[in-house]
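First chain A sits with chain B, and in the next complex the same chain sits with chain C.
After this line comes the complex of A and B, so read on.
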């Protein structure tokens, strides 16, 4: 089932939007709607046109087609001004002015005509929201990469935008800094009614933050839908190849008192997995981590925590290896094995087989249920 | 019962270190050490202890080579 799009009118809608340069069409999008209270991820390989589309959406790039912001078509200078005033953007690099952090965050407000006292107050609140109030008197050169990006996001949030554009906002940060910022951003978005459009080429990032995902390839959106649906049912081999041939699992993390972590799937099947906090989560299981048995291994003969009996659904070449899809109840599990293994085990479509994998092969990514009623 | 993994190395358990969640098992295979990190649950379910005969299983796709 594909969930219907959110109700109500979109904060920003693009129809027949195209960007052409030197005779080449860089972006051609039939329809893209961004809704308040939702994080919409634009995912795709490098060079797919994600950043160009983002710039076209916020009026920074000359484009043909129609943009409707807050119910009003953007056709005039006044309309473009309303779009620029009602939205804010954050890029991969923080682009801070060489003045104090406080003045940087006030700058967007002052440009929008907010008086000095109110700007000061709103900037302080935004810095506090991003956990960087203590840096207010510093200058950009005195900030770490993570701090500078937090200041840049505070500057964007201070203007209380209806649409927030994020272009690879985590790409310049190291993994621990990235994780901490993702947690804070999701907490902020959860309580906000703004529409967020988030460009990334990182599928784990898309899975962690996206309510909806649009997959972009050569300037065109080839699939749009709830993040879980796009990951579980890629619409084309291009999408599947980019997302990896991994098995996609979604459920709820349950931590036992004895330290074991399980991902409980909607079917009731429990998958032993790597450490994660209790709550909704998704995980990709890399096919190279899955081994196949021709019959069920005797109890307690292997250290593999996950042993799932099933049937071979498909065997297809993947380079020098073979990609074997095993159906086990409602689950489809992909395994990447050698040709010699397939011959020895007699793996042909319809044959019984047991797929098994280590708990540590399953890395759950917490997914907050951010959709508001 | 056959297994798809190409490398099945018979050896002897040299040491077992149990952590809170994971366990580190060192297996001696023909004079070389192979280290395995598995869940503590698995180590206990298999009752792995030093001196046990055991098989270390490694998928062909997981073996790195260095010249």
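After this line comes the complex of A and C, so read on.
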């Protein structure tokens, strides 16, 4: 089932938007709508045109087609300026101006004609929101990568944008810094009515932050939908290849008193999984971690905590291996096995089979259950 | 050695004694070169910015012309200005030859390519992503221009320093179009040439001390401004 798009008017809508350069079409998007209160992830491989599309959406790149911002079509230079002033952008690099942090965060406001006193106050509030108020008097050279990116985000949020454009905002940060920033951003977005469009090529990031995901391939959006839906039902082999052949699982994390962590699926099936806090979560099960048996697994493989009997639904070649899809109740589990194993187990479509995998093969990613205001 | 020593002592006496003619020449130098520098900055910085931030056919040629102009010999500039301002020249009716204004014009022409070329180079070095970020911050074209100027302010100051150094110490053009007329169009460099030729070494040394002091203090002032934004 595909969830309907959000109600109400989109903050920004692009129709038949295309960017051409030197005879080549870099981006051609039929329809893309960004709604307030929603994080829309643009996911795709490098070179798919994600950043170009983002620049076209905020008026930095000359594009053909229709762009409607705040109910008004954007056609002229003045229109594009109004679009840029109604929105804000954060790129992979913080791109801070060579002045103090405080003046950096005030800069967007000053460009919009906000008076000095109000700009100072709003900049201080934005710095506080990102937890970097103590850095106000510093200069960019005195900041770490994570601090600089927080300042850049504070500068974007200070102008109270209707749409926030994020172009791989975490790509140059180390994993712990990245995780802390994701948590803070989700907390901020949760309380905000702005539309967020977030470009990434990292599927875990997409899964962690996205309400909706648009998958971009060679400049075209090949699939749009709620993040969970896109991950569970890739619309094309290209999407599936990028997301991996992983089995997508979504449910609620339940931590037992004895220390075991389980992901409870909507069907009621419990999957033993890696550590995660209680709450909604999604997980990908890599197919190479799934072991197939013709009957119950032998006793010595007790580390295979998840044992799911089912039936072979499909067997397809995948490189030198075979990609086997096993149906177990409402679940579809993908496994990658050798040709020899397929012959030995007699895996043909319709035959019974047992799929097993370790708890540690399942890495749950907590998902904020955000509601649009 | 005796000659040099006596020259220095006499020069010191002239400087401390407040020799009127000496300081008049120094003031004229400052006035001519200062005005020429101001003109070159007003014209050259926006021109360099425009060339750096836009693309148009013939841009490469223009950049080459500007870069060549940075190394133009002052005597050639002096010759060109003299040709235009001479009685029978295209601008002869203005009767500017052998006036202070003729020297200002010549020095603007010497300083302009330096200011333009160095501003252009400074702005071109600016990260493309930062330019994009400035636009994304909501800057219109003019605001974006000023933001970018502010980002490269240190390099722009260096351009101003280089241009000032070029014109204050230049002797060929000012003598050709100013005429080196004592009390009227004589500036420090021309006066040093004249005093040396006439064997009045003390006067020449005193003038040279003022010239070096002027160049030094102007550069010191700019350096102080330049280093203010530096990380402690």
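Keep in mind that, in the parts below, the second predicted complex is superposed on the first by the 367 of 373 C-alpha atoms of A that agree within 3 Å, B and C clash if a C-alpha of one lies under 4 Å from a C-alpha of the other, contacts with A are read in each partner's own complex, and residues count from 1 in each chain.
Quick note on the criterion: contacts are C-beta pairs under 8 Å (C-beta built on N, C-alpha and C of every residue); 3 or more make two chains touch, one makes a residue touch a chain.
Bear in mind the structure is a predicted one, so any value in this text is a computation, not a measurement.
Once chain A is used to superpose the two complexes, chain B occupies space next to chain C without a clash. For the three-chain arrangement built by superposition, the Cα-centre angle with chain A at its corner and chain B and chain C at its ends equals 120°, in steps of 10. Of the two partners chain B and chain C, more residues of chain A are touched by B. Within the superposed three-chain model, A:139 lies in touch with chain C and out of touch with chain B [touch as defined at top]. Look at A:193: by the touch rule set out above, it reaches neither chain B nor chain C. By the touch criterion defined above, A:311 reaches neither chain B nor chain C. Using the contact criterion defined above for the overlaid structures, shared-chain residue A:259 touches chain B, although it does not reach chain C. Taking all C-alpha atoms of chain B against all those of chain C in the superposed arrangement, the shortest distance found is 42 Å. Partner chain C is touched in their complex by these residues of chain A: 55, 58, 60, 81, 84-85, 88-89, 91, 93, 95, 97-99, 107-108, 111-112, 139, 141-142, 155, 159, 165. Within the complex, the chain C residues that touch chain A are 127, 129-130, 132-140, 143, 147, 150-151, 229, 231. Residues 258-261, 272, 275, 288-289, 291-298, 300-305, 321, 335-338, 340-342, 344-345, 347, 358-360 of chain A touch chain B in their complex. Looking at the complex, you find that chain B touches chain A at residues 1-6, 20-22, 36-43, 45-48, 57, 59-62.
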